[in-house]
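I have placed the structure first, in the form of structure tokens, so that the comments after it can refer back to it.
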Amino acid sequence: MKKKKFIRIITRLDIKNGFLIKGINLEGLRVLGDPYNFSQEYYKDGIDEIFYVDNVATLYGTNNLSKFIKKTATNLFVPLAVGGGIKCIKDAHRAFEHGADKIAINSAAILNPKFINDLVKIFGSANVCVSIETIKYDDKYFISRSNGRDIEKLNPFEWAKKMQDFGAGEICLTSVNQEGLGRGFDLKLYEKVSNIISIPILAHGGCGKYEDVQKVVKNSNISGVVLSSMLHYQYLHYVKLKKITLGNTTYLENNFDPKRKKINHIRKLKEYLNANNILTR
Amino acid sequence: MKLKAFYGLPKKVVFCKKTLISNQRPNSELEFRHNIKTIKKTVKIDNRGLSDAWKYSLEKKKINYKDREIKLLELLDMHRGKHGKYDCIVPGSGGKDSCYASHILKFKYGMNPLTVTWPPILYTSYGLKNFQNWLKTGNFKNISGKRNEELMKFLTKSSIKNLLHPFQTFILGQKIFPIKTALKYKIPLVFYGDNEAEHGNPIADNVTSLRNKSFHTLRDKDEIYLGGIKYTDLINKYNFKTKDLDVFLPPTLSSFDETNIEVRYLGYYLKWVPQEVFYYSVKNCGFRPRPYRTCGTYSKYSGLDDKIDDLHFYTTYIKFGLGRTTYDVAQELRNGHLTIEEAKKLIQKYDGEFPSRYFSEIMKYLSLKPKEFFNIVDKFRSPHLWKKTKQKWTLRHVAYK
Amino acid sequence: MKIKKKIGIIDLGSHNLFSIFQAVKNLKHYVKIINKSEQINKFDIIILPGVGTFGNAMKILNSLGMAKELKKFSKNSNKKIIGICLGMQLLLSEGTEFGKHKGLGIIEGSVIKLDKVKLNIGWKQLKINKDKSYNFLNKNLQKNYFYFVHSFYCSPKDKNIIKAKFEINDTLYCGMFIKDNIIGLQFHPEKSGKAGLIILKNILK
């Protein structure tokens, strides 16, 4: 009998100026609310892991999540991964001290692949995740850094293998083209990558329906899926709204509906997957 | 030390405290008369350090868009289905603004817009895809302007040489072609998008103002300059045909006789938040941002269909000390999407970035040697803005210091 | 009447003590981080957390004089030691990471490298050995998942102390042992959601 696959259900929260934002193709900074309130609700509803990304950290050369990580880690009892602008050992230490369980690195690794090696030696493979953003352009795949801004002449397949060789514990692979559209994962991408590397791969970008998760799991050897739009656009109605002072709040102003009935999408997704022979927590 | 200021630009450089734009930024140009001797009208910054655009953005917050929408509905009711198959014109090329405008007019307000395009000089592959998706997803009929490509190339090259303004003829066509199309097909309502520059005026042009513009332009052909070259020279010296040049000229006076044309800004009636327009166009019109950051700035969703666009902003940086990042952050600051510190960091990081991606291709296309181009560039650096230290040019004044 | 326990968490200079600290605090106990050996005896329960390598961790425990204190502490039946992940492994006689190292020897046995995988990272269920003395170890717990992240496992000499096992590719490994006042957890209770907190709550009683 074929062994059932176990999949981790993870959510990613992009944070700017302390607010949860959500773009499309990693562009646009639509504000959806208070990330702390979202993460608490997700934890209550059974999310397996939470991934925070400060997605303007590399752009501005800053690293602002510490206070925020601490606040979240105080009440969160599932793994917390943190990424965005981590470019030296000191930055990594700071993230862990404030309660992160894992750090995710992208831009810094592209500029200096050996950095991953250094991090792994001190913190262990298990705690170092490499985030890869991949953009499909003219039918070819490239990788990018600085949250989809600067494209590099490397392909994600070679890059993932290289990062595995340098000791990364897992890879979070984001399809920038699919990201934010809710039209499904880039199935070919994950199929190909999971045939090349053996460390865990997390699929991120494009999930819109429960079915999309099932498709990518059946089609490749990933260890987990990372969901953003699919959850945030639903949960923004269930979560306590805090005063937002900066950013593109137009969508929230026009769409926030506190009367909307709360549905535990995380449980429903897991039930759907279980019914389709996929194990979840 | 008194420094000379080119183009009649204000000698003292002042930055708006809230949007970081400087008083060197020119207002819209009367492109027909544009030659090297033209004195530019520029953005006003008052003695409190606030620009008009900033003050207008504060006014904008008080607007009641419910009322505005009612006005829009009244306007649309007057035209819907009343002019044959198409009842309004939306100019554009499949960028986020034209996608949004045309889509919302058709699918929310029940209009049947005719899309009109003055094609980019050099289409980017993803820009072309956006254009095609735009038409396909909206099932829009499109009329694209045709021009003599040799003439277009010549004028583009000349406008670089004479004005360091590669987009001059493109901008001209962009403004004129939709009007001519409206007159030709007798569709009197033309919708542009954002009315940012117009400070609260819904009407860009009506038949009177357009007629006046045509009148003044066509009256004295000696006064017309295209690409910095006199119209009469283009005919007599460079042997271009009048029928080819015609496409760059405003409509004839007689063409106004039958149509009571009106050009309006949709952005007057609907709250125009560029980022939200981006999301809308991705969701509904198949629009996709550039696969990488636009040269000279930090974003990916604006001005991405013409390869010459990057070069254009490089020239604004040379002539006015204002690159693409400055324009982009000014807009985001007005919308409350960025902090001043962030804006300053972005300007420092990206403003004036050399447009390397398409540069060689453009030079080849125009048969212009890069060395020649750089000589032209240096000629246009106004001494009151630029100084040269040890072979390197630097701006005397920047927004982030 | 609930008696507030004094719980001390040993600081091995590793990162993220924050989570276990918060988890214990959340259960309304008095909790402090310990970095001096003299402090150890003041507490009722010592938690030995773990991230890092066996050899390095033992070096630190020895240099701070904590190894001696912990061994003494373990002999007091009124006190309790809870080892989590690497902390659990340190309780054993010896480890084999980067060569043979002596552990605390509080539990007889060895720490061995996982052979089926390089790293066991992720969620696994536990197979519980029902034991009347610990009624929180029941069938209900078996449907939960717990978070593991390790490359070595514990092999205690006395198999009877193993109360829960986890499985990798059809092989079972020690997930939890309890010997009188010494408890070892291979998974991270502070990272295993509500189920983890339930286990933590019960072993802190």
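We call the chains A, B and C, going by the order they appear; numbering starts again at 1 in every chain.
Here is the rule we use: contacts are C-beta pairs under 8 Å (C-beta built on N, C-alpha and C of every residue); 3 or more make two chains touch, one makes a residue touch a chain.
The structure presented is a predicted model; accordingly, all values stated were derived computationally and were not measured.
Any chain touching chain B that also touches chain C appears here: A.
Among the other chains, C has the CA centre that is most remote from the centre of chain B.
Comparing each chain's Cα centroid with the centroid of every protein Cα atom identifies chain A as the most central.
We define each chain's centre as the mean of its Cα atoms; on that basis chain B and chain C are separated by 66 Å.
Averaging Cα coordinates per chain places chain A and chain C 30 Å apart. Annotation: 37 Å between the Cα-based centres of chain A and chain B. Those residues of chain B that touch chain A in the shared complex are 125-126, 271, 273, 275-276, 278-279, 282-283, 288-289, 291-293, 298-301, 335-339, 342, 345-346, 349. Contact residues on chain A toward chain B in their complex (touch as defined above): 17, 24-25, 27-30, 56, 59-61, 135-138, 142, 144, 146, 148-151, 176-177, 180-181, 246-248, 250-251.
Residue ranges of chain C in contact with chain A, taken from their complex: 15-16, 18-19, 22-23, 26, 51-52, 119, 121-123, 144-145, 147, 149-151, 190-194, 196-197. Residues of chain A that touch chain C in their complex: 6, 8, 43, 46, 48, 70, 73-75, 77-79, 93, 96-101, 123-127, 169-170, 200, 223, 281.
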